[in-house]
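Two complexes, one shared chain (subunit A), two partners (subunit B, subunit C).
The block that comes next holds the complex of A and B.
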């Protein structure tokens, strides 16, 4: 996709979105729910890579943002229209990310990863405590959830928006600033980049999508409680999808999200007791032999062709 | 009203724990000046540079750019005010092409600043001044160390600076390269009107090209003035054990 112009990439995204929007009327319930899972992970992985891929940060905060969004649904469902809740979920996650980001984005590497992982636990326990002591409850029931098509279209819209945003960021000065920060933050600052502002904004922007997806998906659970929505697996899965696909690219995480979702489902059905073991083994092989992700294979092939031509 | 002093350090002190790296240094640069900063190893030259470019906030003292007190502000504020620098070990964006490296400065600090000179107009023009035009498309990480040094100057020029801070740009260059580099720095000042502060360990070269030189020794400024006068200063000769400056 790096070779493609911005306009062409946006056009393809739009066409794919329109085609996918017809799926609720074409696919079986099972296939639709599988597509929904692909779209959710596309949105999560692309928005994660938007910040982490460019800046070389490793954030495990996705489950915190996702769970926060889900809890916005738990609290506001029935009082506000579904669409408003989805946007509110995204906004809450973004605000939270901006505040936290301002405080911890000076950390890097393992420190940042550990802090963001702890963030998920912190939010989970804070919400559990709040629910118990104020509302005397541990979980909430979502009664009268929206139709499956509505949820599907909402998640599709968020995923499409995430891809378009990632494309626009990539082709903007903002994206250049993030890449500069990823390459050498101190150097980028001495050339005029306000690194703190850029990092906090990008972190918040990527959190918006995770929060909105959490809010949109939460209605499918009917019963929402902290252990279910603050599932660290969602955060790990997002990171792995983006890294396996190639976090420096946009197409990488998209393809990887689809492959992963389908593969997980296939393995889960075929080998219900073994699927996590198989998945884990495949990941280890990938990380060992293809650290740049699948997108790096394309880049390698391109370089080989260039060399052959020269 | 434009301030006659472009960049001023007032009683700048930097402490790392118990170590005083820079000790109450006063230093001023006027527009278009070409000043050298020399000193033996560990004299605090680079640390002093870090404070001048906002990379490091001084423990005490003030840094003013064109009369505005920027003490404690982030490095990007200094860049936006026209202070650009290079680093002792070249810090180019290795994955980006040479041209993209220069465009980076133009897109950020250089964007809000204007220069009347064509040489600053765009990345190809800057690559041309540096003689790097043939390598425009190559990834910066693949360039020779000498060219990476030049490219770093180009990145700083992209920021359209009023004052350029060069940290040991001549280190590791051959004699011929070193002469070219010094000529280039001279040209930047003469043709583009940029003030240049140039740190160098190779004192002999530096003395040939600058009009004024400041000497740091154990964190203190022990001399500051016409380079021919400073070269004969007994305190300076003693600091260097008489070896290099005497020539």
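The block that comes next holds the complex of A and C.
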């Protein structure tokens, strides 16, 4: 993707989005739900990589943002139109990320990862406590959910928006500042980057997509309760997809989101424990032997070709 | 009055366990910058080993404690050789070591936890051990909890003594200050790294074995302890052993009193409140100079 111009990449994204928008009328229900899950993980992984890939901050907060978005749906569904809820879910997650980011983004490395790892648990326990003590309930039922096509188109729009935003950020001064922070934060600040502001806004921006996806997907569960929506597996899978694909790129997470979602759908229900064991082993092997993700293989091949031509 | 002492004792007992779990994790992190997020999974393995020894072979849990420690030590050395040796050898910077070891830790977590599900199923398991109350000057406490507290504190103090008074402890402390410097004065870091990693898992195993005497166990039991251990080592300061001991006990007390004054379902929120307050006020940890 680095060889392509911004305009060309945006054009391809737009064409792919238009083609995918026709799918609800072409595919079977099963194939459509597969595509939906691919799109969801594309959005999650691309938005995760937008912040974490560029800045080298390891955030494990995706499931917190996703769950928060889902709970916005649980609370507001029926009172507000679906589209407004999706946007509101994203906005809530972004606001939460901005607040958390302002407090903890001066921590690097393990500290940051640890805080964000616990964030999901924190939000989950807070919501459970609130629901139990104020509303005397644990889960909520979504009655009369929107049609499957509506959900699909909403998720498609968010995923496409995430890819476009990632492209725009990548080719902007903002993206350059983020990459500068990732390479050497002190140097970036010396060169005039407001690191704190850049990090917090990128963190909030990436959280927006996770929150919006959570809000959009929540209506598919009819019954919403904390263990389901704060499932750490969603966050784990997002990080895994982005790292495996190559978090420094945009095409890497997209391709690996598709591969992993298909794998998950086919294997997870049939062999739940075995699947996670294999996934864990795969993650270890990949981190040890291919830390740049599969995109680094392509990059390496391209460099070799360039050298051969020269 | 005796009620408050009982409450404090409950806090101390939980805190003792927290300290043992956190000590192992902190040792690994302080020495190798390996943030082993699967630490709690090895605690769970320790608990299951003890449970198996008791229910299948009828071995007294206290007797199987050293065997669990040795077994987990061996597992730790194996895990180090298979996973973390390569990361430490190939990563260009400390930050990369932290990020990659965290991801490998996640992989291990899924691997070990689901192997346990496959082997023992998702049911809660438990056994009765010393479950009678003892009267200590008007304060009634369960005998097994007292035993657990005693062993937790003993294990923590033994580790602290090992670090402070033995040659190997001196070498480990030197490596924590500067790995390169330690190599320059002739400390064999290539041998000490796996030993310390194994030691960390042995402590996790001991904590699991102790927990199995008091609580019911399940394959998912480890995760909350990992999170708590991370909180404790942040409280006590990364790489500070005595900080982990004090931080663990402090967190246990805060939880016990906090839950009494608010509600048991707020336990996690309380721990997090403490963590965030400490991170904002003293990011280097409470007990670090």
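Throughout what follows, the second predicted complex is superposed on the first by the 305 of 310 C-alpha atoms of A that agree within 3 Å, B and C clash if a C-alpha of one lies under 4 Å from a C-alpha of the other, contacts with A are read in each partner's own complex, and residues count from 1 in each chain.
The rule we apply is simple: contacts are C-beta pairs under 8 Å (C-beta built on N, C-alpha and C of every residue); 3 or more make two chains touch, one makes a residue touch a chain.
Everything quoted here is computed from the prediction, not taken from an experiment.
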Overlay on subunit A: subunit C relative to subunit B, clash or fit: fit
A:273 touches, of subunit B and subunit C: first, second, both or neither? second
Subunit B versus subunit C as contact partner of A:121, first or second or both or neither: second
Degrees between the directions from subunit A toward subunit B and toward subunit C, using C-alpha centres, nearest 10: 80
Touched partner set for A:305, first subunit B, second subunit C, both or neither: neither
Comparison of subunit B and subunit C by subunit A residues contacted: C
Partner chain(s) touched by A:11 [first = subunit B, second = subunit C, both, neither]: neither
Touched partner set for A:109, first subunit B, second subunit C, both or neither: second
Partner chain(s) touched by A:135 [first = subunit B, second = subunit C, both, neither]: neither
Which of subunit B and subunit C A:56 touches, first, second, both or neither: second
Smallest distance from any CA atom of subunit C to any CA atom of subunit B, in Å, after fitting: 9
Complex contact set, residues of subunit A against subunit C: 56, 58, 103-104, 106-111, 113-115, 117-118, 121-122, 125-126, 128-129, 132-133, 236, 239-240, 243, 273-274, 276-277, 279-284, 287-288, 291
Subunit A partner contacts - residues on subunit B that touch it in the complex: 53-55, 74-76, 78-80, 84-85, 87, 91-96, 104-105, 107-111, 155-156, 158-159
Residues of subunit C touching subunit A in the complex: 29, 33, 35, 37, 83, 86-87, 94-96, 98-100, 102-104, 106-115, 117-118, 227, 230-231, 234, 238, 263, 265-266, 268-269, 272, 275-276, 279-280, 283
Touch list for subunit A against partner subunit B, complex: 173, 176-177, 179-180, 183-184, 186-196
